[in-house]
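There are two complexes below, and they share chain A, which is joined by chain B in the first and by chain C in the second.
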Partner chain A sequence: MSVATPYVEPAHHEHHELPYSEQLRNNRLGLWLFFTSEAFMFIGLLSSRFYLWGNTRPDLDQTLGLIVTSVLLVSSFFMNRAETAIAHDDRPEFLRSLLITAALGIAFLVGVVGFEWQGHIGPSDGAYGAVLFGMTGMHALHVVSGVIFILIVWNNGRKGSFSAERHWGVEACAIWWHYVDLVWVFFYPALYLMGHVVHG
Partner chain B sequence: MILSLGLVRGVIGMIIGAILGMAVTMLIRIGMGLAAWGMEPVSVVGALVGSIGFLLGVGVLTDWIKWMQGKPTPMRHGPPEGKPAWTRYFGTDYNHKVIGIQYTVTGIALLFVAGTLALTFRLELVQPELQYIDTNTFNTFVGAHGIVMIGAILMGVGGLMNYLVPLMIGASDMAFPRLNAFGYWVAVPGALLIVTGIFVGGWDTGWTGYPPLSARAPLGVQMFFLGVYLIGLSSIVGSVNLLTTVTRMRTPGMSLFRMPIFVWAAVATSIIQLTATQLIGLSFLMVLIQRLLGMGFFDPNLTEHAIELNSPPGNVILFQHLFWFYSHPAVYVFILPGLGIISELLPVFCRKPLFGYKWIALSSITIALVGFLVWAHHMFAAGMEDYLRVPFMFATLLVAVPTGVKFFSWTGTLWRGKITLETPMLFVLGSISVFLIGGLTGPPNGTVSTDLFLHDTYWIVGHFHATMFGGFFFPFIAAVYYWFPKVTGRMYDERLGKIHFWISVPGFWVQSLTQAYIGLHGMRRRIADYDPALGIQTGHVLITIAGFAIGISMIIFVYNLVVSARRGEVAVANPWGSRSPEFQIPSPIPEHSYAQPFVVVGEPYDYALPGSTYVNMNPAGLAAGGGGGGGGGGGK
Partner chain C sequence: MEEKKKAAYRVGVIVLVVLFVLTIGEYFVAQIPGGVISVLFIIAIAKSWAIMKYFMHITSLWSEEGGH
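Right after this comes the complex of A and B.
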């Protein structure tokens, strides 16, 4: 058995902190792993929709569905604009785009909670009510978290945080927002478009 | 000052949060024109806000709140300033070794809680009819035994993975130290909520919480759901952390197939925890809001209005699909780290290379992946769609293949090895024997035709406990003994360790074989009473005696650990002659583990191969002697 080398206590601890570039790559991977995890929850909700509704769907307001979906898709454009702006050190454009994104996100919430939820279907109306409110509710919670995230990033950006080189906070916020948007791209057709309405 | 302990602040924060949450809910209810007091909504919101209060109190959110305000948060190292070193174990600490110990000790404590519950209802089963507890308490205790054990095992798994994986791959810490601390501390209010549930009506549904029963069970079931939700969150963030750490932070030369085999098991476990956990969270959340808001996911009844809308009804089978999509793979979360420990320790005590390293590594991943396709075998007798039965039977039996690979590898490693029987090795061999019982009692449950008769009998109880004890419990004990000198710098008492082994493992053989036997003779699971004419009372007496023997052996175990940690013989750096890198540094392991990154230059398990080296601890060649691989020679 060979001799173990003597242990030398390091003089300083700097090398235990990861350099920014390393930590950035860790952060990206970690966030994507979390997305994978969340995807399973959203797939579980989608599966419940197909299990319970089968090839039918409730009669929902198509115009409203189209409007909220468009609003959310357009918001992702402004989120991308904000991220590009900070990467080019254009702080006014960055802050403006963030606020527009947040406003569109709130508009989406108003559409879902303020209008769709006040329609002729209530949460206790059988599988239609349960799944509709379950899916839109879980998605709306994520939109709320995204809006809060955007406002935190905006507030820090206003105070001078983030630079063209270092803006992981903005990047995380942006991909989180796109992710929530992407989930809706699957939820919208499952709720509004697929299957046929059974008239009594 | 007692308030300097994070745990104490957490509990106070939980109480304040709960009161605040309840008050706000009552105000909102008054605003909505409802009666102020509604037992369920008020309690559920109180529990939720209370859990956030716990996290704020313990201080695990502090740095993140500073991030939101754009304040700098320098990393803290070492024990807290101006306080005794032991206090760090009761508060927020970012060192993965501290968090590993926190997980492990919590796990052992929960083992005792769950074990006590089991011994209570085992006493009830000694005689037919009811003597000590009523049926509702019996059912609650059975369910609580199950879920607290699951919590205990998840804590144990978290402990092993957090402590060992960064050391084994040469990472300075986990990739996200703050998230790591959050992952531990979020599980603590979860466990507290589950225990609270026992006192607020309990839940007579068993740990599976199936609706429609759980939709009507007492308030305790809501606390149970919330507790599981928080522990699930702990699993998810822990697995994000572990997978990132293993992917990105391996030391130079540590290619995938040169990682210690336990790391492979940890990765396979984390893949399941990352993804499947969401589904048990979702299924419990759906019952929780069905109870709170009347959303009938699992309610077959329709309201007048729903009938007008032509809405289809809810369906209870959906719950079972969502629930088992996690809860079957969950058993692989429990056993894969344990089987990894067996593969990790065997070569050390056989002084031989691990037989078929790559096959073992890939078999862990295969078990994890195939494990996603077998969930409905829990539902053969549940009125599930008939056409699902045969595919799920085949998928289930397929799991036997990678598991068999592990057994052959262990046999191959043991074959003609220079075996020495220290306590860790005894428990490894005991694990293999117990897991064999669990393995052989499995295929009859996976086969539809036989499962229809075995379903919900004590045969299943015997099978399940053998897999858990062989796959997690005994390997976990082996791991605790094995790494005890690395953690504390002292040796445990070998004599007490052997006594622990010779009580617990044979005790367990008796317990699980008898459980299978009385199951075949008609004993149902989860039932407080049985017909004496079945002729199984002797069996029940035997199981109860064995259960108490295991309980006593666990007290010996904890006594041994506590006394040895203070007064045990001082341990050398590498008491087992291991080649693993964590054994090449002093015991106990220093705050920052490795003084400098080491380099992997050879295969991990080439014991008894002359001149072979696994790790070069001093790659710059600063000290004479070069590679400190250790264990290259045959003896210890």
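Right after this comes the complex of A and C.
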């Protein structure tokens, strides 16, 4: 024998949506937790560099290393400028700074992939090649995703999707871009500066 | 409003200059033979702290204030 349970229509629709400030707090926490998980991968790559290279490094182009690092630092500055601009409803500066950031990101990629990867070390050149291409390749992949993210935010910003009060999309994009820069802050000295040069 | 915006832009410029100076410092420290790895790590940590605090606004994670 079964007992049918009659369906009771709720008296009112319950609203489960959190206030924006609460959502923002959760979003930020989620993004930083994601960064933490990503950090394990980058720390793994960094550890492999010290394990396999020890106190040595390949003969990389120092000028190129310094230029691409500077380009990425300047791109972070413009990303911060874009975020500051939208927080103050300065839409033209916001859009302009985003495009400059994307252009600098592409310039960084050209420097690493177009020049450094065309040097005398290939990905199959033992531990030096494997580590160099593993680290720069994984980082370059993140730069590519950052540039795509920036262009999506720029396109949405052009359509007026963000305001001074609500611009989580911009903030997330900015933090993501700075994270890519943060990783390079450790990769640059590890690849270009630490240890003595091994020629050949 | 305008003053606040200018102040915020100024912070960005100062952080960029500091990051540049530290990067150039790294480059020259690397030219000193032997025992520089720890110094390079300390500089990298200082740079990452500046990026996390001023560009990534890490303090907003535990800040009581809501909003941007």
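Heads up, the rule we're going with is that the second predicted complex is superposed on the first by the 184 of 200 C-alpha atoms of A that agree within 3 Å, B and C clash if a C-alpha of one lies under 4 Å from a C-alpha of the other, contacts with A are read in each partner's own complex, and residues count from 1 in each chain.
One rule holds in what follows: contacts are C-beta pairs under 8 Å (C-beta built on N, C-alpha and C of every residue); 3 or more make two chains touch, one makes a residue touch a chain.
Source: prediction; values computed, not measured.
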Which superposed partner A:Thr36 touches (first chain B, second chain C, both, neither): first
First, second, both or neither for A:Arg25, with chain B first and chain C second: both
Touched chain A residues, chain B compared with chain C: B
Which of chain B and chain C A:Asn156 touches, first, second, both or neither: first
Touching partner for A:Ser70 - first (chain B), second (chain C), both, neither: second
Partner chain in contact with A:His88 - chain B first, chain C second, else both or neither: second
Doubly contacted residues of chain A, that is, touched by chain B and again by chain C: 22, 25, 29
Partner chain B, residues of chain A touching it in the complex: 1-10, 13, 15-18, 22, 25-26, 29-30, 33-34, 36-38, 40-41, 44-45, 47-48, 51-54, 56, 58-59, 120-131, 133-134, 152, 155-156, 159, 161, 169, 198-200
Contacting residues of chain C [partner chain A, same complex]: 1, 4-5, 8-9, 12-13, 15-16, 19-20, 23, 26-27, 29-30, 33, 36-37, 40-41, 43-44, 47-48, 51-52, 54-58, 60-61, 66-68
Interface residues, chain B side, partner chain A - complex: 67-70, 75, 77, 172-173, 175-176, 179, 236, 239-241, 243-244, 247-249, 274-279, 281-283, 286, 289-290, 293-297, 302-303, 305-315, 318, 321-322, 325, 573-574, 577, 584-586, 590, 592, 595-596, 613, 617-618, 622-623, 625, 627-633, 635-636
Contact footprint of chain C on chain A as seen in their complex: 19-22, 24-25, 28-29, 32, 55, 62, 66, 69-70, 73-74, 76-77, 79-81, 84-85, 87-88, 90, 164-168, 171, 174-175, 178-179, 181-182, 185-186, 188-189, 192-196
